[in-house]
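Below, chain A partners chain B and then partners chain C, in two separate complexes.
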Partner chain A sequence: MDYLYSILILVGIYVVLASSFNLIIGNAGLVSIAHPIFFALGAYTAGLTAIHFGLHAIVATLAGAVVAALFSLMMSLPSLRVSGDYLMITSIGFQLGLLQVIKNVEFTGSQGGLSNIPTPVTGPYRGLVYSVVSLAIAAAVVWMIRWIVRGPYGRAITAMRDDELAFLALGRDAMRIKIVIFAVGCGLAGIAGGLYAFYYQYVSPEQFEILASAAMLTMVVVGGMGSTLGPVVGAVLLIALPQAITFLELPPGIMAPLQGMLFTLLVIVFMFIRPQGLISPEGPTPLPGHRHGNRSGPR
Partner chain B sequence: MNAVLTLDGLCKSFGGIVVADHITLELERGQILGLIGPNGAGKTSLFNLISGVVPPDAGDIRLNGVSILARPPYQRARMGIARTWQQMRLFRTMTVLENMVVAPREYAAESILNLVFKPGAVRRADEIACEQAMRILERMHLSQCADSLVTDIPFGQQKLVGLARALMNDGPCLLLDEPMAGVEGQAYDTMKAVVRQEAAAGRAVCVVEHNISFIKDLCTSAVFMSFGAILEQGSVADLLASKSLAELYFGP
Partner chain C sequence: MFMFDAVVLAQILWTGLATSSYMVLFTIAFALVLKVVKLWNFAQAGLMAIAFYAMFAAVNQFQWPTVVAVAFGLLVTLAASLAFEIYGLRTLRARRTSSLMFFIFTLVCSEFAAYALTFIFGTEPAPLFAQIVSPVRILAGIAVSDWDLLAVAVTLVLTIGLALYLRLAREGQFMVAVADNADLAELYGINAKRAFGAAFAIASVFICAGMYLYGARTAVIPTTSLQLMLFAVIATLLGGMGNVFGAAFAAVALSLVQSYSVLVIPSRWQGLIVYAFLFITILFFPRGVNTSGWATRLRVRRAPAS
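On to the complex of A and B.
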């Protein structure tokens, strides 16, 4: 049973991560792949404030979200000047640089990671409580993102992604929207970080490397970039699939590389067969008395 | 002094290429000013300077007598400088109507705080923008494609949507970058009629255009540019009769 709970908790965490990542990269078209570092900022902040200041898990998780949102300015400010590939390279630099700092300062536990994070829930129902909380947060996050991207705000985000220069020349303040999108998206990753820290009670720097960026990107791409439910499907699939393979009882020499290749393989297959992902973007809510044009199919 | 837009000694060069060489120009209410000249003369660059996409090296830009040089592009648009683009730059994953509804000078939903705390006001603003957009589309005989994706309609109509979207900004100044390139038939007549109506309603209009008959039909005056400088300025008839213009356009 604990095995099932641990998967459910991971699914919840990764639904939050993939959905918030999709808001940034899919809906707003801001090509950053530094999302894991905001996950890390949330996890470390939550863990550290709980250890040193005795903050309650909920407060510590919120603190993690706030710190991640504040640090997101380091992505939204460069996005004022650079976009596309250049923004992506900036984001890699930011992610690796900050990770180097985490690995080398003392108070984060350096290379060895941060351990002995206190858990607010103990006893036989620990797994159950964490799964319920994790899935509830995931549902709330998906609902909130859907609310953001479907209304008139979503229409503005879409317009900005389609053509930023035209968007500016219509009187829209693209910078303000970018700051909000990065803050919301990264803040949500911070919440996922808090959840992670309190469940595992241990955070280590390796899990926030580029490989984690690749995993989140795969979830978004396979699920469907720019669609609200896509990243949910992507996260569930990519958490479940490696677990399912273990039941095949393959020899470990094949198993390990197979799991590693799975993500890469899926991205390549989807690029060719279904570039829009499993679920196509649905676009904003129709205006009163109007309908949408045909949005299906690759763009 | 009833100039809506004043350009005062505007200079800009990219490396050795001069795109604006001491441009001094006034645009008045109700005027339709034609901006003509060979490719690379700096006509579109002038629009980019006015709308704030590119900062000038020297000179000043005033809207109703107030310098707007320090304003970023989005604020200039909110002050009432609307523009279209030669390449249209429509929002390609959105419908015609959606393209227009994000284009009013003030967009209540731009602030996420409004969205949370004043959802009623946001919804009302959306409805008003929607009605305004439908009125403009009707004027341009486009209401039947309001719900089509912009990429699904013919080129001439996309060009009209570019103008329609700019008209959502009801400010005093309208800059049109080659509105006629690739447009013919009914769309051509519609474009001409709408531009004329906008000027009659008191807007200051400036048109960059290669189509001389469009300039002749519509413009009250014209400016001839070459290598970033204004060579001649006056009534369209005078300009077209000028020898130096014909030489520059068609060769000696």
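On to the complex of A and C.
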């Protein structure tokens, strides 16, 4: 049963991560892949504040979300001057640079990671409580994102994504929308980080490397970039699918790369066979991934 | 504590230059593809890993001589990069896919290569040869190893060769024409697809040479190449997009800054310098540190109003 709970908790965490990532990359069209670092900031902040200041898990998780949102400003305020490829490369540099800092300072546990994070729930119902909380947070996040993108603000986000020049010509402030979207998306990743830290009671820097970016990207692309339910389906599928291989009881040295190969191969197959993902985005507007015309990619 | 001993500074300069050799090769490969194909080729990390492990298998498992192993590595890298271009990029181009999807595709291909190589070779760090220390001679108080000399010589030969190819060879000139304006080049009868393929083929040569030099001195794991490629990305940005040899100079400068930084900061923070440069470059020099650009702006300012 514990195994099932741990999968449900992971599903909840990754639904939050994939949905918030989709808000940034799919809905707002901001090509940043640094999402795992905001997940890390949430996890480390929650863990450290709980260890050193004895903060309650809820307060510590909220602190993690706030820190992640603030750090998103550190990245977005200067780097949103540039867009597209430059933003993407800045985000990689931001992610790897910050991880380098985490790996080299002592209070984060350096390379060895942060352990002994106190858990607020103990006893036989720990797994059940965490799964309920995780899935409830995931449902609330999906509902909130759906509410944002279907409302007037969502229409403004779509308009900005599809034609920023026309959007600016109408007197709208694209920069402000980008910063807000970044902060909201990254803050949500921070909440997922807090949840992760309190359940696993251990975080280490290598969990948040570029491979984590690829995993989140996979969930969004396979599920359907720009659709609210797409990342949910992507996250559920890509957490559940590798579990099928676990029953083969292969050694971890083979299992991990095999799961990775499965992840990446799935994305490649989807990109060629069904580029819109499993769930197509709502509405008639084109997506960043399928846009024709002047913003298409290399010739 | 600062150390201003001339021999120490000269030693750091020489070692920095020698170490920059493979970085220059990776940067040229990255910058050339960006210039000609207009693609931020993050799959280069995967190609780098493929090149290394092909040579590694040839040397350590098949026990082939070094020259044959390098030729095998080159052949495998060439096949992988051409397959990536022909079966992957051409399809996406035909669909007029956005930059984001190209980026995802290149990154995911790189990840797939890393996972596949981890599956085959494991995560144990492995150098190309059992012996990674090369003989050293002292010249004017500076330690110069055989590896240093080989690295500098290979980099110079390949870089000069590329410069001559682009300037003098017909195919090279076609490549420059495609890089400038692919549509116009095609109107003049130049085959853009062939030029793209040639860019990937040349990049494969640089990647293979770079991984040979790197692997001959350092142990490698399948994800090592991602870090190395990021350096190439930053040098390409610093050198100015479309300026292949400017990027190569930037790679040398960046390597030297990293080398000299040991005088003022602990070595564990050396890696952070690259990211600091990335931020500074993107914020202040998004088009690269390009003096010709400043000269153009000056000329425009001085031009009389019509």
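By our rule, the second predicted complex is superposed on the first by the 270 of 299 C-alpha atoms of A that agree within 3 Å, B and C clash if a C-alpha of one lies under 4 Å from a C-alpha of the other, contacts with A are read in each partner's own complex, and residues count from 1 in each chain.
In this text, a contact is a pair of C-beta atoms (placed from the backbone, for glycine too) under 8 Å apart; a residue touches a chain by one contact, two chains touch by 3 or more.
Only a predicted model underlies this, so the values are computations on that prediction, with no experimental measurement involved.
When the two structures are aligned on the shared chain, A:Leu168 is found in touch with chain B, with no touch to chain C. Counting the residues of chain A touched by each of chain B and chain C gives the higher count for C. Looking at the shared chain after the overlay, A:Thr246 reaches neither chain B nor chain C.
When the two complexes are overlaid on their common chain A, residue A:Ala214 makes contact with chain C while staying clear of chain B.
In the superposition on chain A, A:Ala156 makes contact with chain B only, while chain C stays out of contact range. Residue contacts after overlaying the shared chain place A:Ser115 against neither chain B nor chain C. Look at A:Ile89: by the touch rule set out above, it reaches chain C but stays clear of chain B. When the shared chain is aligned, chain C comes close enough to touch A:Leu265, but chain B does not.
Once chain A of one complex is fitted onto chain A of the other, the partner contacts of A:Val180 are limited to chain B, with no touch recorded for chain C. Touched by chain B in one complex and by chain C in the other are residues 288-292, 295, 299 of chain A.
By the touch criterion given at the top, residues 37-40, 89, 91-93, 95-105, 107-109, 111-112, 114-116, 118-119, 122-123, 182-183, 192, 223, 226-227, 230, 233-234, 237, 268-269, 271-272, 275-276, 278-279, 282-283, 286 of chain C touch chain A in their complex. Touching chain C in their complex are the following residues of chain A: 25, 29, 31, 33, 78-79, 81-82, 84-86, 88-90, 92-94, 96-97, 100-101, 104, 209-211, 213-214, 217-218, 221, 253-254, 256-258, 260-261, 263-265, 267-268, 271-272, 275, 288-292, 295-299. By the touch criterion stated above, chain A contacts chain B in their complex at residues 148, 151-153, 155-156, 158-159, 162-163, 165-174, 176-177, 180, 184, 281, 283-284, 287-295, 299. Partner chain A is touched in their complex by these residues of chain B: 51, 53, 72-75, 77-78, 83, 85, 89-95, 97-99, 101-112, 115, 122, 125-127, 130, 146-149, 152, 165, 168-169.
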